[in-house]
Amino acid sequence: MIDAALFSSALGALTPILFAALAGALCQRAGVFNISLEGTMLVGAFAGVAGSWYTGSVWLGVLIAVLTGTAYSLILAVGHVSFGGDAIVLGVAINLLAVGLTSFLIRTVFGTRGTFSDPALQGLDAVHLPLVRDIPFVGTVLSGHSVLVYLSWLAVVALAVLLYRHPWGLRLRGIGEREDAAASLGVSVTRYRYGVILAGGALCGLAGAQLALGNVTLFSENMTAGRGWIAVVAVMLGRALPYGVFAAAVLFGLAEAFGFRLQGVGLPQQATDAAPYVVTLLALFISSARIRRTREST
Amino acid sequence: MKTVAVTLLAALALGAILLAATGANPLEAYQAIVTGAFGPDGFQDTLAYAVPVVGMATALAIPLRAGMVNLGGEGQLVLGAISAIAVGLHVPGPLGLVAALVAGVLAGALYASIAAVCETRLGVPLLVTTLLLSYPAMSFAAYLVRFPMRDEGSSLPQSDQLPADVRFTELAPGLFLIAAVVVVYAVVDARTPAGFETRVTGWGPRFAQYAGIDRPALTVRLLACSGGLAGLVGAVVALGFPYRFIDGALITPQYTWIGLLAALLAAANPLGTLVAAVFFAALTSGGFAMERETQVPRELTAVLQAVLIIFLAAATGLLRKRRNPA
Amino acid sequence: MTQQQPESRAVALRGIVKRFPGVLANDHVDLTVAPGEIHALMGENGAGKSTLMSILYGLSHPDEGTIELDGRSVTFSSAAQAIDTGVGMVQQGFALFNSLTVTDNVVFGAEPTRFGLLDRRRSRAAVAELIERHGLRLRPGDKVGDLPVGVRQQVEILKLLYRRARVLILDEPTAVLTPAETDRLFDVLRGLAADGHTILFVSHKLHEVLALSDNVTVLRDGRVTLRTATADTDRAALAAAMTGRDVELDKIYPTGSPGDIVLSAQGLTVAGHGKPALDDVSLEVRAGEVVGVAGVAGNGQTELVAAIAGLRALDAGTVTVLGKDIGRLAVRERRAAGLAHIPEDRVETGSAQGAKLGDNLATGFQRRLARRGWLRPGRIRDHAREIVEKFGVRAANQDVPMRTLSGGNQQKAILGRELTHDAPVLLVEQPTRGVDIGAVVNIHRQLIEYRDAGHALLLVSAELSEIRALADRVLVMYEGRVVAELTKDEATYTALGLAMAGGAS
Amino acid sequence: AANSPGATGGDGPSLVLVTPNPVGVNDFLKLAVTGIEDAASQAKGTQKVYESTDPASIQQNVAAAVRDKPDVVVAVGFNFADVLAQQAEQNPEQQFLFVDACTEKPYPNVTCAVFREYEGVYLAGAEAGLLTKSGKVGAVVAVDAPQFHRYSEPFGLGAQKTRPGAALSPLFIGGANPFNDPGRAKELTATLAGQGVDHVMGAASASGNLGVFEAAKEHGIFAFGVDANQCPASPGVVVDNVIKRTDVVITDGVTAILDGKRGETRSYGVKEEGISLTGLQPDVAESQCVIADHPDVLTQVEKLRDEITAGTITIDDPAAA
């Protein structure tokens, strides 16, 4: 029931969620509640597939996914930061727009409906880590993922360094807490918020690229299937802390992969569907109880 | 008002360009939306959408007025519906109708209260608990209608049909119920101390605490009202045609999210929420009509709607910025 | 930097006009300040001082007029540009990040880096050095949110010092400092001025202005009413220029005639970081009596009031009002039992900045204003109008958001609202912080009238003159304990100062 | 709505097709659109397609279709049972063709066309039974619901028929978007592969099945497709497909209604060739299906098909259980 394959498949499957959750965490720290992750990821997935298909290079596909995700997130940046529109409203609308837009484009760009896939479409290859691959268990778990999987782990560390070691991180945490105070010290709230939203767009582009070129090699209407929302939940569970978000995404991915296996022993699919959320809730209760206790003891 | 009009025009212009680019006639398409939403045939459809959308918008506006976001409307809605059906199938006669509605309200209210208690007792933010609790509720209802409560005659994940006397055969009763709730909300909000205290909490948590408002109690009360209303909406929809619970029927039309959009755009103001919700309902039924009447592909309707909402959000943001310069 | 021609001007504002809806906040204001000069800006609440300073700091833009720095004309479109040009400002009220440390707050926006990353050691050293040099009561690693309000103000000043601004704007920086701390700050400022820094100092306090500044400009209703060398003026002249009339300064009210005990607190203890914030504090306040609480900011005064008001849980002790034990009750029940409260933080605790003035004034009265359970907008308006008129709150109308009122007028509104409760016990914290002298006189008179009507007042103030003017009896707090109790006659500046330093027997 | 202006002579009969979901990815609905187009052009009439997204829009689209008063309203999918019953009763003049399900009560103006897809799945299972090495077969199905057990249980039965003792492991996709989640479909298939399953029935919808095929390819196992020929999507991996000739059924049904044969229930299975396997089609050689390389297997499966046609083998409908 629990073996290396379980962890390995969970790690691959949770990568899009992790990228998106990092995007959400980054925005959260700067005081932007970003729920447009789902839609931006979908647009990124489409751009990745289109890019890979037309250039014939999966790397250019990934690059195009990143650029498109960044460009798409401009809607939130302009609407929320410049115009002051409500981030939740914009986020929901951006998600709706992504579904409509990609379904529409799949017709006009690929001349097909619903799903585009082709054996000639270049996807991301698995990378076999030298040395690591030969370690029993660990090798199976850690080796053999796409480059983007490893990149997502690097992104976790990079985010932690940015937030806690880089001046930008200090500033955007400050902006998230009190934008007027940051502004009075000459830190441009607008510029930093644009920055995090656009960087979040790039991360969502990577999420989409991994989903459509790494996990599978195709684009399908609405293929994100709620992963962006799970990312939003992971941001909450991880309290927008880089390692917290990583842990939340891993917890979620494992709960889901484990749920699939539980189906095999006769649990109804509806129960295994709910499992990751219930596990997340329990984790939240436990962690907030612990935080309370440590707070009370000081 | 001028800003809103200008941005609406901009959105329509952008939509027209999109429509024209795909070879459709923008004027015809827009006309189809308007007649589809408000024409003699379409108005009925608009009302049918408006009942759940207005209901959910109001449900989510209630806690939003105090600055609390309930992201779990879907779970509360679905639980309300399935409870109403469960009761309606077993309690006959007009009593069954009332019992079903009450069951819907209670189920939604209790479920939402759990999230409230999680915040007040355990300190887990409402935003998180409401959203997370929503999924198990939906899975639970899906399980019920696939197995224990399944309609034996059908292969669909749906419950049995309600007996003939436990049904809303017309739109009117549901419409009146929801309209009554909206009126009650508006009156309570503007004219009662409880409504005032809710608004005070929305202005600032510290100020509310200082002024002696019992936030934990208020949280539970508001969430119970919010969930109860969401449950009522579920019950009303389930009691209407086709008089049964169909898995996904309350989720795919996005009543909850569209309702949340309306409530947020209107800053939970009762009248504003109503107007925004009706507008979105009209846009939905008009969109379907446009698809039927013209050559416009359905994806484009979705694009058009989303663009409109984005512009609207930006416009209201600008409006609010102007009104309260920081 | 110190060699300027005598006629050179570090700062020259010319013909500044700033309009807000319904208000002409600055009306053709001219202001010139020489390098190395300490220039005081005075005026009543709403006279336009903060507006003028935020224009100089680039936070807002004048409708007319020009700004010159060192003889060169400049236009700032943001504070960032102002900072780059060497203009720094401590704003009225706080602009701090509570979850960050003192160090992070200070270096924010101008962080020392090493290989592109934050150089924490250097930040900390720089901040520690500044703290040391200016003798502030701060530790670089403390979280600002854990600091008492008075100490937080020091962080604001530190931010400015760290930025090495050549032109320093301080908008009421001493409002929360004790006399000793104020003196220390003045030493710092004089030192900076001697270095050639230009200092613009906004204050309502006549003695501070007279003690510190080289020149004074007085604003009234957005216009300059007096521009003079400090040496050529006196308290009465300044007060007259500010208010447009003669005011009676420094009135010390005679003691009242205390009746029965109304508020009694016994053995109050509240945990803090390390040592308790409140340590076994007991006090009694009688009807018709003002009990003053003096102390250096951060010695438990804030916690004392919060614990009585119910905003902070008690770890031990009892609180009774009119014989009723309220120590474990919710805020609402305490208020119902007879408490009213004017908090020191008027921005977030005492008011809702985004809400209408009228609604702010109605808060707390919503149940009393209701008739048979129904609230009527008309009654809310009448209630608000009464307070606005009685307490002279200046606002365009009662539908404007609270935040558009000047600080002093916000304070008047809050005071009016809480006095209108007519509660037997009034907790008052810093009632005249940031309030102009005309208003101070009024507020003091109103508090004394309230006392003489038989109410019990517990007054916390960082302003010793205020304590001396109002309090019938003074308690001095030090490190969470009451270390001295003085009668009105005993409470001289010397005696208070000694006790506040923990030196009382 | 995706309505090409139909065939020429606009004076022929008018047809409206109402779908329960966007046609988009759904091969089954795409075939339905082909069917209505064929039917219109055969009868020299016109056609329109109304796509719905949810129960509320289903109801409104059927009502709108009835308001148009076409000669036949065609509805595809179980979701229409309640609406068609209601509309048929209120509009006795309107003719309906109900594909893939039937109203509970019969109506003289509702003609039903239902499928026995489990017969095809059984045959696919038989192929799997003949080809499996491990003796373990699996199914990846969109949702855990009786209707969809038609794609899992008969697959196991078919496999056991040709390979006694074969075991079936069904897994269900679920989640927020069960009919369109190739990522999850792929993970589930990989999970099955990890358990030693070497033949997987993919009933994860058209796009979901692409995930099934990718996993199968990566793990060197085989898969079966549904609704249309999915072999070209992943040659060498897809063994065969259970095809559901919605197009044929719709042209058939429309013709029957126009000819006056109304109100009956027509059932399409292997015998009627409404359900079949790609491998049993004449053009199997060009299908790119793995089964084309196993003529021996096809011979045995053809025998089984003949037995089903003759009625000597009957398969129970899992959804009716």
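Order as written gives the chain letters A, B, C and D; numbering starts at 1 within each chain.
Rule of thumb we're sticking to: a contact is a pair of C-beta atoms (placed from the backbone, for glycine too) under 8 Å apart; a residue touches a chain by one contact, two chains touch by 3 or more.
Computed from a predicted structure; not experimentally measured.
> Any chains in contact with both chain C and chain D?
Touching chain C and chain D alike, sorted by label: A, B.
> Compute the centre of every chain as the mean of its C-alpha atoms, then state which one is farthest from the centre of chain B.
So the farthest one, by centre of C-alpha atoms, is C.
> Based on C-beta pairs in contact, work out which chain pair has the most and send it over.
The chain pair with the largest number of C-beta contacts is A-B.
> Chain A to chain D: how many Å between their CA centres?
Comparing mean C-alpha positions, chain D is 35 Å from chain A.
> When the C-alpha atoms of chain A and chain C are each averaged to a single point, how far apart are the two points in Å?
Their C-alpha centroids are separated by 46 Å.
> Please work out the Cα centroid separation of chain A and chain B, and write it as a whole number of Å.
28
> Considering chain C alone, which of its residues make contact with at least two other chains?
Within chain C, no residue touches at least two other chains.
> Find every residue in chain B that makes contact with two or more other chains and list them.
Residue numbers touching two or more other chains: 146, 297.
> Which residues does chain D have that touch at least 2 chains other than itself?
22, 143-144
> What graph shape do the protein chains here make by touch: line, ring, star, complete or other?
other
> Provide the full list of chain pairs in touch.
Touching chain pairs, listed by label, are A-B, A-C, A-D, B-C, B-D.
> Please give the residue numbers of chain B that touch chain D in the complex, ascending.
The contact residues of chain B facing chain D are 41, 45, 48-49, 146, 150, 153-157, 161, 241-244, 246, 248-249, 252-253, 285, 288-289, 291-292, 295, 297-298.
> Quick check: in the complex, which residue numbers of chain C touch chain B?
309, 311, 330-336, 341, 343, 345, 348-355, 359, 362-364, 366-367, 370, 373-377, 401, 403
> Touching residues of chain B toward chain C in the complex: what are they?
190-193, 195-197, 199-200, 203-204, 206-207, 209-214, 324
> Under the touch definition given earlier, write down the residues of chain A that touch chain C in their complex.
Listed in rising order, the residues of chain A that touch chain C are 161, 165-167, 169-171, 173-174, 177-178, 180-188, 298.
> Considering only the defined contacts, which chain D positions touch chain A in the complex?
By the definition above, chain D touches chain A via 22-26, 30, 143-144, 169, 171-177, 180-184, 186-188, 190-191, 194-195, 206-207, 210-211, 214, 233-235.
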